[in-house]
């Protein structure tokens, strides 16, 4: 019960980030929104692991966090003309 | 333990929401970064640790996840902020000061 | 024991040992078990990876792992946590408040830290705490975005933003 | 000697020319002549034999059959004869050209493949040899470069069209009867529906009409014949196009049978009459086009088409006399047309490749043997008595007259008239008239050229006087077609309606000639002088002003020229251009824009879905 | 069991290529030769035994419906023999021809391409077919762009985009089939398809045929082909025309006949094949760029093969297969030969090759023989193919096919026209400028002449192939037999 | 015009796809039957191979041939990229305006690099127990390299050792497959004992193959990344 | 949670959007992005095909272990393969794009038409 409230709130958070992702206005804004959404999603994945009672899903969250961090850095470096 | 964990998760989720709200609400990219990273990092930290508390067997891995987020989010935050500044995204009109011109590598940045 | 080995060995070996221990610990956290198979694998892999990858840690300015340093580190982390919580409540308040009471701006602060890792930790700490994040770093100066600029003076800003971490970090990285 | 061995010798000899060629050109020449003569001899040994060999070698599971009988042997001996004469003629003709190994190899290969065609006992082996002949011919036509290239293209494209039709015909037969051997098909096809038979025969007419240069498939021939090397033109005109005739005989008399053929009609128009009329048209129009040619070889080439008209007319007419005439004309045309081409070749060889009728003249004295050859050849083609041409044409006229077909007969006579006119021009412009200055020191043709010329001349006269020699064989196969048997003796044909006896004829003609010669010899007073001295006092003047042979039939041109345009050829040219244009347009589908290419893929899927919706089954 | 080596040997050698390259740079060029010799021997050894009964090669330890398996039947092993034959010739050629760029990478990619082709024709699993098909496609994208020149890169990009869309469609098709039947085994899918009638099945069929049709170059999915075949290094053009397209055709045929077996669709594809034939030949006719002309000619030939196969009788499929073999050999010879002609004359324009036959007699002779074979002249193998196609088409005694054959011959005449024009250009046109051409190295003339020997030998005695064609056609067409062989 | 045509075609396509998919009996029923591979893998996969992750046992053994092909395709991409870039002039166009990474990023990347590599290793070594696997682990290792490139301009990839790793890993994969043919019945058969369930040492050859795949994929993707951002030596 | 066709509509939608991008955008990079979108839709379709309502990932552990409650593992293996293939193609496409840009100085597909007809 309470978990579904958590999930709803997280869903709302993701929607908010998506709004910013779509609105922009600058590319950096979108990147920031993306970065935020990934953090939220990492948390979501961990909570989902709890929901489904599957320990193994934690690995998924970790992989996700690692890859998305690198993704964000790559976007940032791209935006500042570093690559 | 279970209840403590759930409370931690609740706090985390709340801050995740607030961070996302800030992303939408705050006026420029720098302020959004403030909210986006700070609140969501904190929220993620609490949520993950909360899960670790609810399921004690998962604690160490949850800790690892949270430490990773704690370490990497400021870095990506910084990278994005720097990217914004370097690519010339202007500050919000209500900003009171911009000292970046005094800073070595920004001296020749044209538009701020 | 560990201290003695660290003090005696050359930099390179020290870094290797550092990385080896770090990786083994991370492995243990990842596997969350003390079963011999996992431990053996972990030690083996950490050893091999440390052999090949320790170059990446050269010049990072790793602190000597003494009990003292470790305790300072814990103190630092504790204070960091306190600040983080304060920061979040602060930011959340500003975000939620209908008037959005913010006075954002970009200021410069100074640091006396020398090691790269120390600077990283300082910058990250600043980022994680009250309404500030590190935009850039160059030499001993940090460019900070501040959501509620209370002073534009470099010294005062340093005082308000960096010093509370710097004093802990200085002790860790002494 | 078996047929297989003969063909192996022929093909092997052709392909192995390169070996002696690597050593020395002399050895190669000897080799080529030996192979040609060996093949000639080998063919000769099959005289009068009837062989039917099913080979142990099978192609795609189909049995291959080699067979010979009177019909095959008749063509085979003509092929190997013309082939060896041309090889001998080539010895000096081709001497200083490049790629001579290639030339000899192809000459022998074409000979071999033609032999294969006539010895083939089934439609598949026929086709294989037919195709080898086609591409080898293409290569040899192109040998002269320059204008020869478009000529070669025209030839091969038409030839391929024909081959396609052949394959369809042959395999339709196979689909129906599960066999490709002539003997099996001929027994089974008697029950076929008229529609099917007509389908097969029409396809056959197309195939062999193209090779035979029957109007309207003739357009490749004038170009190809005139651009090919002369010894090969002799083969081409003399015998190669007769493979089409062989095909006609094969389809009409061997496979389908004349009776069945004559029944095929659509309302009042019978297939037979169509073919006869095509023959008649082929006699008249090309002959008059020939009249307008200024290129000696082109003139000969157009006449080949005209003479083919006689052959087809005779064969399509379907009486034993007509078929005999047509078949005999095949042989005769082979001799005199080959002879004429060789004569032109000899002239060409000496004058350095000149064959423009407007710039030659008066070569009679310089090249007497060649002149005699050309004269006899011309007599032959015109159909003068004492030459073989007379006999065959006489048989054909006779047929037409006996069956009271005045229009066809008139067409045939018209053709002879045109032939007479143009060969007068031919002889006059090359050998008579004035000798241009630059050819003053022309030498006689080399011996290797004179031998075939003389041999041909001899044969022409021999068969003109003793037509019974070939007619005996012809009568043999004509009878086997189920036509009325012919009564042949050495001097001609004995029949109730009209006996041909060349003894009487010869006597009459010889005495007439003698009389004429006596008159001419004693009345000759004129002395030839060079025109230059008389008119221009050594100064140079335009050629067409002083040489009266230039534009010989100019008035005739103006009168008929515009009706004698080669419309068919223009049509084919248009077709080629249209194809090219279509290509240019269709190619635009490949726009170069990757997105269009993706669009095509989506289009196919969407179209399939659409098809499925609108057209559920 | 050894059939798996047909795939593994080139694959393993390609994997080992970097190691060999450390030892010596020269080794790289020998590895494809070694692999292809090995494959050729294996195929020849295997062929007689698989003619009797098809071998199922289990992979990963599970019997057919459960795991992936190879079907070493007459078709698969026969095609892999063809692949290794042409592959061997081309690899010997490449030994002397490829002198630019990263040669070890070229040879590795080449090995992978061949192993992909072999895998695709051998596998009995639909998804595995897709994987090997992709190996083939992706390595050809890379090889087309191997020289890094403008045309190569551009055509590779276009090829890649089209090919990837095609691959995507294949995947959707596979997803639908898997969703409906829960299996990827082609035999098992074939069983299920007979019992189910659903629009989704039609969609799957369309998607699979379209997807594989891109590589098979069926009109209008073939837009990449003229660019790619003409811009690639000639050795790769040869292998693309000789082998890669054939794998696409094989896949289309497998899907149409073995998996679906729906007769209505054959006529639809047959008409597409006819359109491909006509358009390919007409486009080739109006080309002046010789490699582009050959590429369009490949389009036409593909159309002919597809046409023959869609007659959908054992004779028709057999004829299509023979035509496939004939085209593989002949087009390989043409591209290999033209590779050196173009290299020596410095231009791909047909007119730049005027009279080159005198300078480079061996190569030109080979090209002429190959061209004659493609046109379908005896005594070359193309004739046997054409003959069988016409025979198969007319066997039904239907007016429809007689008319279609007419169109086929129309296209063949056009094809003949440009090939004979090419022959004239090579031999009978006067060279505009006098250049002393370097001799073609033995590494080129030997494989070319070897292929020519095959063209002539098979042309004179095609019967040696007949039993194989017959059982290969049965392999494709006899759905029940295939199912029985695979699932027992 | 182009848009119009595209829209029409795509509408037809999408309608066709959706309707066809609607009518197909998808869902759980397609593996109800025990002779369906999916059901077989679920019911007996763990028992036969000893790998707790059924997907892994499918990927590595039952459909291991696909996986071999998949690895091959990555290999093709890697060497294809090398071949395409081989004859290329080094482009200096963007060098002037290129920003170097800040100290924070540099330090962070250097610090994180070994940790992420370790994590990647963890992922592919536990491929038979957790949702990881050779590909996932390889991707993580490659992304660690990407991070290094993002943070430190001067870092180059040691192509030679990468090639060696790639090559050796490929040979090991093929070698294990052949060993299965030799000691077992078929190529890529799991010929080693299955070990104790849920332990690191279980699943027979699966972890070994996944280690090889992990290294291979890591090396290849790292090479691709390095090639694309011009960091080959 | 949802009816199966909802997932299909989503997958097909993604595919169509990808195709639309490929068909209408001039920029080569955008076309490649479209390709990626298209492929992503396909991956999703593959996953959906193997999904069973209410079932979990096919990974056994000491606590979860009923095969009946697990989704079909095969499509997951297929998706893995498909994704890797997609990545390889993407890498190659991008490297070719870089090269193409060096040759043409543009990525506009209307202008990259050195080869046509």
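Each chain carries a letter (A, B, C, D, E, F and G) given by its place in the written order, and its residues are counted from 1.
Convention: a residue touches a chain if its C-beta (ideal position, glycine included) is under 8 Å from a C-beta of that chain, and two chains touch if they have at least 3 such contacts.
The model shown is predicted, which means the values in this text are computed figures rather than measured ones.
Taken together, subunit D and subunit G share the touching chains E, F.
Steps from subunit B to subunit G, taking the shortest chain of touch contacts, total 2. Per-chain CA centroids place subunit A at a distance of 48 Å from subunit E.
Between the CA-based centres of subunit C and subunit G the separation comes to 39 Å, rounded to the whole angstrom. Computed from the mean C-alpha positions, the centre of subunit A lies at a distance of 87 Å from the centre of subunit D.
Distance between subunit B and subunit E, defined via averaged C-alpha coordinates, is recorded as 57 Å.
Multi-chain contact residues, meaning those touching two or more other chains, occur in subunit G at positions 15, 19, 22-24, 28, 31, 49-50, 57, 59, 61, 72, 74, 78, 81, 85, 88-89, 92, 96, 99, 112, 114-115. Contact of a single residue of subunit D with at least two other chains is seen at positions 587, 590, 594-595, 598-599, 602-603, 605, 609, 612.
In subunit A, the residues touching two or more other chains are 55-56, 59, 62, 66, 73, 77, 80-81. Within the complex formed with subunit E, the residues of subunit G that make contact are 15, 19, 22, 28, 31-32, 35, 38-39, 42, 45-46, 49-50, 72, 74-75, 78, 81-82, 85, 88-89, 92-93, 96-97, 99-100, 103-104, 112, 114-115. The touching residues of subunit G, when paired with subunit D in their complex, are 19, 22-26, 28, 31, 109-110, 112-117.
Of all the residues in subunit D, the ones that touch subunit G in their complex are 587-588, 590-595, 598-599, 602. Residues 56-57, 59-60, 62-63, 66-67, 70, 73-74, 77, 80-83 of subunit A are the ones touching subunit F in the complex. Considering their complex, residues 157-158, 161-162, 165-166, 169, 199, 202-203, 206-207, 210, 213-214, 220-221, 223-224, 226-227, 264, 268, 279, 282-287, 358, 372, 375, 377-379, 383-384, 386-388, 390-391, 394-397, 402, 405-406, 409, 412-414, 416-417, 420-421, 423-424, 427-430, 461-463, 466 of subunit E touch subunit D.
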